[in-house]
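What follows is a pair of complexes built around subunit A, which joins subunit B in one and subunit C in the other.
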Partner chain A sequence: MKLTLNKFHVKDIQFAQADSFENGILYVSKKKLAEYLMEDTNIESVDFDIARPGESVRIIPIKDVIQPRYKQSGTGQIFPGFVGDVETVGNGETNVLEDCAVATSGKIVAFQEGIIDMSGPGAEFNSFSKMNILVPLIYPIEGLDKHTHEATVRIAGLKTAAFMAKTTLGQEPDEKEAFEHETILEMARKYPDLPKVVYVDMVQCQGLMHDTYVYGLNVKGILSTMIGPLEVLDGAIISGNCAAPGHKNATIHHENNPIIESLLRRHGKELCFVGVLLSNESAMLKEKKRAAYYTSNLSSLLGVDGMIISEEGGGNPETDLMLNCKFHEKKGIKTVLVTDEYCGRDGASQGLADVTPEADAVVTNGNGNQFVVLPKMDKVIGDVETVRIITGGNADSIGEDGSLSVEIAAIMGSCCEMGYEHMMTRLR
Partner chain B sequence: MKKIVHYINQFYGQIGAEEAAGQKPLLREGPVGPGIGLSALLGGQAEITATVICGDNYFADNQSEALGEILAMIEEMGPDMVIAGPGFNAGRYGLACGTICDEVKKRFSIPVLTALYPENPGAEMFHSRIYIVETGISAGSMRKTLPVMASLALKLLNGKEIGFPEEEGYIPQGFRVNVHTEKNGAERGVDMLIKKLKGEPFVTELPMPVFDRVKPAPAVKDMAHARIALVTSGGIVPQGNPDHIPSANAGTFGIYDISECDDLTGQDYMTVHGGYDPVYATEDPDRVLPLDAVREIEKEGGIGELFGRYYSTVGNTTAVSSAKKFAEEIAQDLLRNNVQAVILTSN
Partner chain C sequence: MGNSFRCITNNPLVKERGFWELEYYDTDVLGLFHLVKSEVEAGYKLLTHPLSGSIRPDITPYKTVLLSARAEKERDGESEGLIEKAIRYAGDLYGLREVPVYKRWNDAAKKDFQLVDLSIIERALEVAQMNR
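Right, the complex of A and B next:
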């Protein structure tokens, strides 16, 4: 199987009468995009804004961040189950808008939306600040219940991303990156001497707006399952998760899953990347145990030597992480865990809610409790008042000078537990 | 040239061994013993102008008096910095080094430095408050220790940024700080996995902490006469959140009166917890704080009575140290109010 990503670097986004992509500039017709999104009758109104790298702009509250992609060729369509049909993806060519993202905002869904600062100290905490961002501000019809509101904003974001990338169809990309992945039997023949590795992608699906979708299906309650890595890069997994913004896996993280990309790039050279196992983080202990045991059953069937396990969210998911570690290590399968920490503003507290002695190889993506003061920005897209209730903020977060005092858990993707960002903690 | 006062014990001060451990504090001009080697390593930027020598037993047995005398000597010299030791694994000496440095830092606001073996009780007690250079177990490591002390001392004296323990040679103070890295977390993870699979050495970025295990209290024998309280980390508070409890990493908890209330309604109560879907808790806060159910059991005589106040905080990205502090304070208040058992709910 082969998937080629046709990468188009976006230098700017501008509003225009017609949609097009020319010389690195993405032109978006507000009117046409609004009409497309308003097909959803749960949307009362929608507006759009643009945030660019380096600008004195703050976006708040943000539900999801999505990278615009659209299929040039191959089966299925991006975001299967939402934009595309449920047909198989992960082959052919997919057009990708690099340095570009959609950040959904508007009326707040719950407490778990985040912040992106396009400049200043807050911009240091995620890659999104270096992207040209289109922000759909989505206002639901009156009285819409929270769960339908969540679905409405989620789907509008995916549609916006597809709409944007569609402008590049038929054009020559700035660069191409091809990923190849054989069947398991074939790779066993080809790379008999390389260590066999799987990636255990722990997805948080607990209901109550902590949900992840695979081919459009909320995978809450599933037995652990397997998915091809190229399908993930084609938007087969998307986020419906309203967990803490600093460490939820947004859709852009799934589309660019850096663990999958890194394993694919080293596949056939340093290791044999067998595939991706999805292990659900339920809220119930029995289900956590079932998921971890069943994931280890699949690992045994595949006969793998090692694995990377990534977490989503924090607190009770640490139990899933540790159970997966323990059950696999007991079978002699070597594990590396990818997580983040909440060790207090001073960094002196214990940072995980659960531990196991077998967890001797752990990557940490930072302490979400780090306290920062984000200076006032010239422009706010969204509603700055929501900082008072989002995770990482509090009632006194807005200073008299308009600055925001928050913990970095409030900043979108700051401590991404897929290792998307370039941060870790060190003991001093 | 910057002035340093150096503290050492009777042995390194060349007064005598154990028989001289009762020696009262003495002030000598210039460096003595290890101070001579240390002084030579300061590259002409600083000098040890005086040395305070005190017997280990005298300090241990008369701590407040000894400390007073030593601090007075130091104050009179008006140094820019105080260095103590190295004390290696000598327990009494290590405690003296740690105590003196900690007090000097607090009272005179000047930099301080000592050097101890990590298991020295002085290191265990003071490592989070002062810089302690890591030494070997005995004076055999003196030659290795002094250059590390000199280099760190100069940085402290000159107000330079202090690097990480592995770079500077001090015992970790126990604070985890965020740093930016060249490789992203995913690549670091794959690197680590390849090393682990090959059996090569690798360094975990997060050594597993050791958890406190709390032994559950014995069961309440007579529930029918017990006073029960409700405690929640699920963030149920009166409407308007009067104590401004944050939606995450709460630094406080609230105590609220429910003596006249049998049932929590969404009109009067709300959740401020930022980590879960608030829809169902907003509809009926009893789902998180089960007041209605407890009142029913109370009426049936299943429990003696429900305590008239409940305790609430938010357990969302909350540091364990804060949770421990809340628990201790809440437990004390429960004891004062003769509560025999609590129902703890999260979310």
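Right, the complex of A and C next:
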């Protein structure tokens, strides 16, 4: 199986009469995109704005961040089950808009949405500030229930991303990157002496604003399962999740999962990357145990030597993380855990809600409780007042000078638990 | 037929739904955790993780916890460990600010927090096929 990512670097996004991609400029027709999104009758109105790197612009609140992609060839279509039909993805060629993202905003469900600053100190905390961002501001019809509202915004974001990348069809990309992955039997034959490694992607499914979708399916209550890494890179996993913005796995993180990409790049050279297991994060303790046990059973069946696991959110998922670690280690499989922490303003508190002695190789991506002051921006896309209710903000977050005083948990992707950003924690 | 679980909550919306024989307490999340801890010490077992959901215990004012219907003679070590860790985790986060964030919400925000907590507990029961 081979997936080629055709990468188009976006220098700017501009509104225009017709949609096109020319010389690195993405032209978007607001009218056509609005008509496409308004096919969903739950949307009362929609508007769009653009944020560019270095501008004095703040986007708030943001629910999801998505990288625009569209399939040039191969089976299925990007975001299967939502934009594409339910059909296998992860093969052929997919056109990717690099340095570009969609950030959904507008009247969003409630709290747990985040901030992106395009300049200033806040811009240092994520990669999104270096991207050209199209922001759909989505306003639902009156009286729409919260569950449907969440789904409406989520799907509108995915459709916008596909709409944007579709403009590149048939064009020559700036660069290509190909990923290959064999069947398990084939790789066992080809790389008998390399250490066999599986990646466990913990997916959260606990209720309203706590859900993850695979091929369009809400994976609540599933037994742990296996998915091809190329399928994940082709948009098979979608975020419906509002874990704290700093450590939610947004759709862009799934599309560019750095653990998967890194394992694929080392596959057949330093290690044998067997595949991806999905382990559910439920609220019920019995379900947590079942997910962790079954994931470790699958790892045993695959005969792996090592496992890398990433978390989504914080608090109760740390129990899933530790159970997975414990059960794998008991089966003789070495584990590496990837997480972030809430360890107080000074970093001195216990950063994880659960621990186990077997967890002796842990990578952390920062302290979500770190406080930061974000200076006033010339322009706000969305509604700055919402900082008072989002995670990491509070009623007094807006200073008299218009600056925001927040924990970095409020900044989208700042402590991404897949290691998408550059934050780390230093032991002192 | 009685419930196969006990439902301990400080969420008025869960109380309002009233489809479980629940035990409602007018307290904050940390207070609720201390109540749960005393039940665990009396031999009841945790069925849900006390830190269920992704909303931090210093942010949401509401929490619902499911416990086993019957107390065992022996305390459950896992439950004891989890509730103790949850109390420490919540206590640390309460200490982040002079007034914890959960005390500052307006009524509209409170209603959203109530809905999310209800949704999580309904989902837990649905997945565990315990709903009735």
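One rule holds for everything that comes next: the second predicted complex is superposed on the first by the 428 of 428 C-alpha atoms of A that agree within 3 Å, B and C clash if a C-alpha of one lies under 4 Å from a C-alpha of the other, contacts with A are read in each partner's own complex, and residues count from 1 in each chain.
To be clear about the criterion, a residue touches a chain if its C-beta (ideal position, glycine included) is under 8 Å from a C-beta of that chain, and two chains touch if they have at least 3 such contacts.
Bear in mind the structure is a predicted one, so any value in this text is a computation, not a measurement.
Peer 1: Will subunit C clash with subunit B on subunit A after the two structures are superposed, or do they fit?
Peer 2: With subunit A as the common anchor, subunit B and subunit C collide in the superposed model.
Peer 1: Considering only the touch criterion stated at the top, classify A:E124 as touching first (subunit B), second (subunit C), both, or neither.
Peer 2: Once the two structures are laid over each other on A, A:E124 reaches subunit B alone.
Peer 1: Quick one: is A:A361 in contact with subunit B, with subunit C, with both, or with neither? Answer first, second, both or neither.
Peer 2: After superposition on chain A, A:A361 lies in contact with subunit B alone.
Peer 1: Once the structures are superposed on A, label A:G306 by its partner contacts, choosing first (subunit B), second (subunit C), both or neither.
Peer 2: A:G306 contacts subunit B only, not subunit C.
Peer 1: Which partner does A:K220 contact after superposing on A: first (subunit B), second (subunit C), both, neither?
Peer 2: Once the two structures are laid over each other on A, A:K220 reaches subunit C alone.
Peer 1: Can A:N241 be said to touch subunit B (first), subunit C (second), both, or neither?
Peer 2: Second partner only.
Peer 1: Touching A:L285, do we find subunit B (first), subunit C (second), both, or neither?
Peer 2: second
Peer 1: Go through the superposed model and pick first if A:T94 touches only subunit B, second if only subunit C, both, or neither.
Peer 2: neither
Peer 1: Let me test your reading of the model: by the given contact rule, A:G314 touches which partner, first (subunit B), second (subunit C), both or neither?
Peer 2: both
Peer 1: Using the superposition on chain A described above, determine whether A:V338 touches subunit B (first), subunit C (second), both, or neither.
Peer 2: first
Peer 1: Hey, is it subunit B or subunit C that touches more of subunit A?
Peer 2: B
Peer 1: After overlaying the two complexes on chain A, where does the subunit B footprint on subunit A coincide with the subunit C footprint?
Peer 2: Of subunit A, residues 110-112, 146-147, 207-210, 242-244, 314-315, 342, 344-345, 349-350, 369, 389, 391, 394-395, 407 contact subunit B in one complex and subunit C in the other.
Peer 1: Which subunit C residues qualify as touching subunit A in the complex?
Peer 2: 46-57, 59, 66, 78, 82, 85-86, 88-89, 92-93, 95-97, 101, 104-105, 109, 112-113, 115-116, 119-124, 126-128
Peer 1: Using the touch definition up top, name the residues of subunit B that touch subunit A in the complex.
Peer 2: Going through subunit B, the ones touching subunit A are 128, 164-165, 172-190, 192-194, 196-198, 202, 204-206, 208-209, 211, 241, 244, 246-249, 272-280, 315-322.
Peer 1: Within the complex, which stretch of subunit A touches subunit B?
Peer 2: For subunit A paired with subunit B, touching residues are 110-112, 124, 145-147, 195, 197, 207-210, 242-244, 258-259, 261-263, 266, 270-271, 305-308, 314-315, 334, 336, 338-339, 341-352, 355-357, 359-370, 389-396, 407-409, 416-428.
Peer 1: Over in the complex, which subunit A residues touch subunit C? Could you list them?
Peer 2: 109-112, 146-147, 204-210, 220-221, 241-244, 248, 282-288, 313-317, 319, 342, 344-345, 349-350, 353-354, 369, 389, 391, 394-395, 407
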